[in-house]
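First the structure, which I've put down as structure tokens, then a few questions once you've had a look.
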């Protein structure tokens, strides 16, 4: 997810080819099932999956599940914006705090925090709050780390320019440090939101509650294979749109 | 002070043996979106045994293309290159290249970097390491054999690159602005090291540079290139006494050579600058 | 996924080591004191915030559980195997994408966008395909670890400093020598970094899968303690898992030799 190299420069032939490859993939599966190379009881026909989309939208109202998922992601993102970013700013301003805690925050990023979800089940019960809090926690360290990085790596010459104009500490922060650090902060927020989204769907599935993760689990338990596959494709599609949207937003904001 | 207006195939140099390098009407044309670009246009010159020759020209004149052509990394569009009478079609064992960029491997220590060409040729470990140590000593890095590149300064790293070039005992050491990334003082001192090494090994060297001081300090002859297309403008013999040291840069003779080359280059460099400015204005 | 912990410049500032130590000691003391205070006051649910001694006892209880090391072995085996499978496929595909711009143009954007999707939703299928046992967990971990490896290998391959390849050519290295002496060592860091990320996501994938449907493994133990409302032991096992994950991540970090420049 680092530098956008030439690979991501769109050329006219790329998208049709991508669509073609995807179509070919589904066609091969369809044919393989038709020829009984693949077992229809574990793998649904792409044609049936395609028609199941209508069903999951109309009968299962997957769109309202999507809305629930996004409300939860929104809840977590409020936490990231109003808790994680200010916390990062605090750590970056008070150098000694970052020196003391920086390694711990980085270490936290490597720990599988989602595993604490049963704990929040005890605290909040089977409620959306459980999902929101655990999603916020998994997005926490990337946001803090990128915020601190952004502020710490503001070029000295820019800070010196501010000082040469005799800016107050507040003006210095508002006019120099924050704008210069903003790209890094947005990057951190994007990473944090990706983590939060993944966690929301995962925990929904694990505790059978709420949005998209929940409906995939439900359909699977009903052994409604075409609908399960359709719902999975739907979730993948929604999350891809979400990441693409975040990328655009980040580009537009910075 | 002797000046050859015409490109001569074998002028200057102490020896009458066959030249180490002969560049014969070499051209390179690149196809770009906006038509074809002639990077090097019909250049001819030669380098005699034990001679140090510099190719100097403004940025963008095709020096680096010439470097890649002689090194065999890029095939020419027309013309011939030969080393010790053998044609160059692709990288030749008699030529070692020292690159402008940091090119020593960060995952190898100094000895293993210098021994790299020997390793490629299947020389046994003990033998190639002993051999490498000799060249490490020659570039003044004894004691750093087991250091990794990250522990060395930029100047030291380029010396490792030179030692690696020498380790394959080439007939011609081909260097492309090896000191471009270094500061002026370091550059002069490394120039002294190169001169010492050259004396000791009687090494034939072709140096590509845009630095006038460096070119005069090190060379027996200087090939001046023009800006686009890269043509041979003229060849200047440097009749300064040898062995030289960096002190020579303060001599009156030296100053005269600088003035003379700058006179040639100024015109070409300003063409280059104007072209760069107008390219910027249109985008 | 993304390399978040790029904190070298931040760590470089070594001034005030003693101040740092004081802050660390003070903050640990404050947190522990607050925790113990809340635990003893019973302000919050007593089970959620057990006393420190109870958590320590919980850790001991987990370690003393005769099945713990067998369960840990199951989980560790699943993670290891899934990272190996993810690496085998990821490195192969990554090399193809890294060396063939045509394939990269078509497939890499797809992989780039598929990488951060929540893989756990595939778990119901994996149970159908590989059963409720270890197979489905390994498959879960493999899917998770494939993406970070393939993306970092493909981009690592494209970002090899071209001058190293030119050096190899100038000394007339054979194709085999180019591969073993230039490409592989130059690819070391992206591969190690890919493995590091893969280990992280595969750990999450495997453990979460175990908490959903399993009969063994550490994730299964977490769920069991939760169902028994044995919070101290649940804290204990989660802390043990965290410590292990952080340790392995640190080990991978040590293996990365940063390039000079």
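Worth pointing out:
Note that the chains are named A, B and C in the order they appear, and that numbering of residues resets to 1 at the start of each chain.
Quick note on the criterion: a residue touches a chain if its C-beta (ideal position, glycine included) is under 8 Å from a C-beta of that chain, and two chains touch if they have at least 3 such contacts.
Keep in mind that what you see is a predicted model, and the values were worked out from it rather than measured.
In this assembly, B is the chain whose CA centroid lies farthest from the centroid of chain A.
Nearest to the global CA centroid, when each chain is reduced to the mean of its CA atoms, is chain C. Mean C-alpha positions place chain A and chain C at a centre distance of 17 Å.
Separation between the centroids of chain A and chain B, computed from CA atoms only, is 52 Å. Distance from the chain B centre to the chain C centre is 48 Å, each centre being the mean of its Cα atoms.
Looking at chain C, one finds that none of its residues touch two or more other chains.
Those residues of chain A whose C-beta lies close enough to touch chain C in the complex are 1-3, 5-8, 11, 14, 17-18, 21-22, 42, 95-103, 106-107, 109-112, 114-119, 121-123, 141-142, 145-146, 148-149, 152-153, 191, 194, 197-199, 201-202, 205-206, 212-213, 216-217, 220-221, 228-229, 232, 235-236, 239-240, 243-244. Against chain C, the residues of chain B that register as touching in their complex are 71-73, 90-91, 93, 95-97, 99, 101-103, 105-108, 116-117, 119-120, 149-150, 157, 168. Per the touch definition, chain C reaches chain B in the complex via residues 161, 163-164, 166-173, 177, 181-182, 185-186, 188, 257-261. Chain contact summary for the complex, chain C toward chain A: residues 1-7, 9-11, 13, 16, 19-21, 23-24, 27, 44-45, 47-48, 101, 104-110, 112-118, 120-125, 128-129, 151, 155, 158-159, 200, 203-204, 207-208, 211-212, 219, 222-223, 226, 229, 231, 234-235, 238, 241-242, 245-246, 249-250.
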